[in-house]
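Just so it is clear, A, B, C and D label the chains in written order, and each chain counts residues from 1 on its own.
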Amino acid sequence: MWSSHPQVDAGEASELVRRCAEAAAECAQVCTACADACLGEDMVADLVGCIRMNSDCADVCATTARILTRQTQPDLATVRAVLEACRAACGACATECESHADMHDHCRVCAETCRRCEQACAELLASL
Amino acid sequence: MWSSHPQVDAGEASELVRRCAEAAAECAQVCTACADACLGEDMVADLVGCIRMNSDCADVCATTARILTRQTQPDLATVRAVLEACRAACGACATECESHADMHDHCRVCAETCRRCEQACAELLASL
Amino acid sequence: MWSSHPQVDAGEASELVRRCAEAAAECAQVCTACADACLGEDMVADLVGCIRMNSDCADVCATTARILTRQTQPDLATVRAVLEACRAACGACATECESHADMHDHCRVCAETCRRCEQACAELLASL
Amino acid sequence: MWSSHPQVDAGEASELVRRCAEAAAECAQVCTACADACLGEDMVADLVGCIRMNSDCADVCATTARILTRQTQPDLATVRAVLEACRAACGACATECESHADMHDHCRVCAETCRRCEQACAELLASL
């Protein structure tokens, strides 16, 4: 899909954008799944903060994936600020999930996914 | 991620749900990309209907992916109606994109992705 | 905003669309707020089904609001199927919230908002 | 709805959050409408940059409205970064829409709505 866009070149910058868009789209799905899995646990009352953070991170990542997927006439200041928000949300969600990753496998997987997206945002920000 | 949910069994029904959630999440991204690629074409004025349909299909697919990803206490009537909406949006978007798939590679890829998601919705609906 | 669109007439059909778009946008916000308020209650374990239904309804209503807000070259079959999904989600969420509306004011307000949106979807469907 | 949350006090901070959530929810709807109205104009080819910016701003504002609407256990660093992204997107979208506000009434209304949301984000950020 990526290479069929009329205005996208095939350089390294574009590859970093594509990788970050994919990391954000995956993270949005995984955070939605983790929020729901936490909601299904018997000890849901202990996972309220995690559900909250999962929900925010899912929304921010979904928006980031959309904005990075769009290649036509982007506004660089907006892209940068969205990447910073995505990095912050993924970092906070990873920290929360890591704190009970040994009890819940979905939190372990979610924390790893968030760290990958956080890293992808950081690499893209460094290149802009 | 899927298998770590506290309330999901590993049966065939769950596998159909998982596959449809993934098809919808992929379709949401591809439709967002196709809308943007159409917007970047010189002949954008001829692609207005396609951009409109891509935008609707991206939104419906993103919502469908979220709802199918949630496994805790689903409401079956809502899930069914959302799947019907997703099938309708994917069918309409595929038909639109197919009509100029030979001119734009992004429309060809998008049509194929929409048909896969339409099929996944139909299979899941048939199993419910 | 509505009247500034280059392709929207000022007739009764358009007025029903506008009212339904506003009802869906409001319902998306109220369902997000109710899910979060439920999550903040001490008895969160008893509100798991409500949080699930609120989350689905918020997503379906947000998508419905966007699709109805778009007036350029709509696909009628998609619009109809989305309205059916919105009516189903709002009906299910209202029923759930009504079942504990006397204990939680946010559920009472949310049930009323869902019923209004359900009704707006039904009226618009009847007119299409 | 706001006052029925189990963990929200009635102070000035909460009032700023509520006002910013409402401004962002309204801006998301208006930007969706402006993107669609631009798409319906005969001169759509001249409005490509505006449609792009409207789409990004709609997504960022919708996410911001959801995150501000949630009051249970927020992560302050995430909230701050999301508000910065929303302020950036609204500022860029307003500047774009202002540049052809005299030709298109939907762009004039959209620019004003974006400026109000940008201002609400700035005021909330100053108070955090």
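Note that in this section contacts are C-beta pairs under 8 Å (C-beta built on N, C-alpha and C of every residue); 3 or more make two chains touch, one makes a residue touch a chain.
Quick caveat: nothing in here was measured; it's all calculated off a predicted structure.
Chemist: I need the common contact partners of subunit C and subunit D, sorted by label.
Modeler: Both subunit C and subunit D are touched by A, B, going by the contact rule given at the top.
Chemist: Which chain pair shares more contacting C-beta pairs: A-B, or B-D?
Modeler: Looking at contacts between chains, A-B has the larger number.
Chemist: Approximately how many whole Å separate the CA-defined centres of subunit A and subunit B?
Modeler: That gives a centre separation of 20 Å.
Chemist: So how far apart, in whole Å, are subunit B and subunit D when each is placed at the average of its C-alpha atoms?
Modeler: Roughly 27 Å, centre to centre.
Chemist: Can you pull out the residues of subunit D that are in contact with at least two other chains?
Modeler: As it turns out, subunit D has residues touching two or more other chains at 36, 39-40, 42, 48, 52, 55, 62, 66, 70, 72-73.
Chemist: Applying the document's contact rule, which stretches of subunit A touch subunit D when the two form their complex?
Modeler: Touch list, subunit A to subunit D: 48-49, 52-53, 55-57, 59-60, 62-63, 66-67, 70, 72-75, 77-78, 80-82, 84-85, 87-89, 91-92.
Chemist: Once bound in the complex, which stretches of subunit C touch subunit D?
Modeler: Of all residues in subunit C, those touching subunit D are 1-2, 4-7, 21, 25, 29-30, 32-34, 36-37, 39-42, 58, 62, 65-66, 69-73, 104-106, 109-110.
Chemist: Sort out for me which residues of subunit A touch subunit C in the complex.
Modeler: Residues in contact with subunit C: 36, 39-40, 42, 44-45, 48, 51-52, 55.
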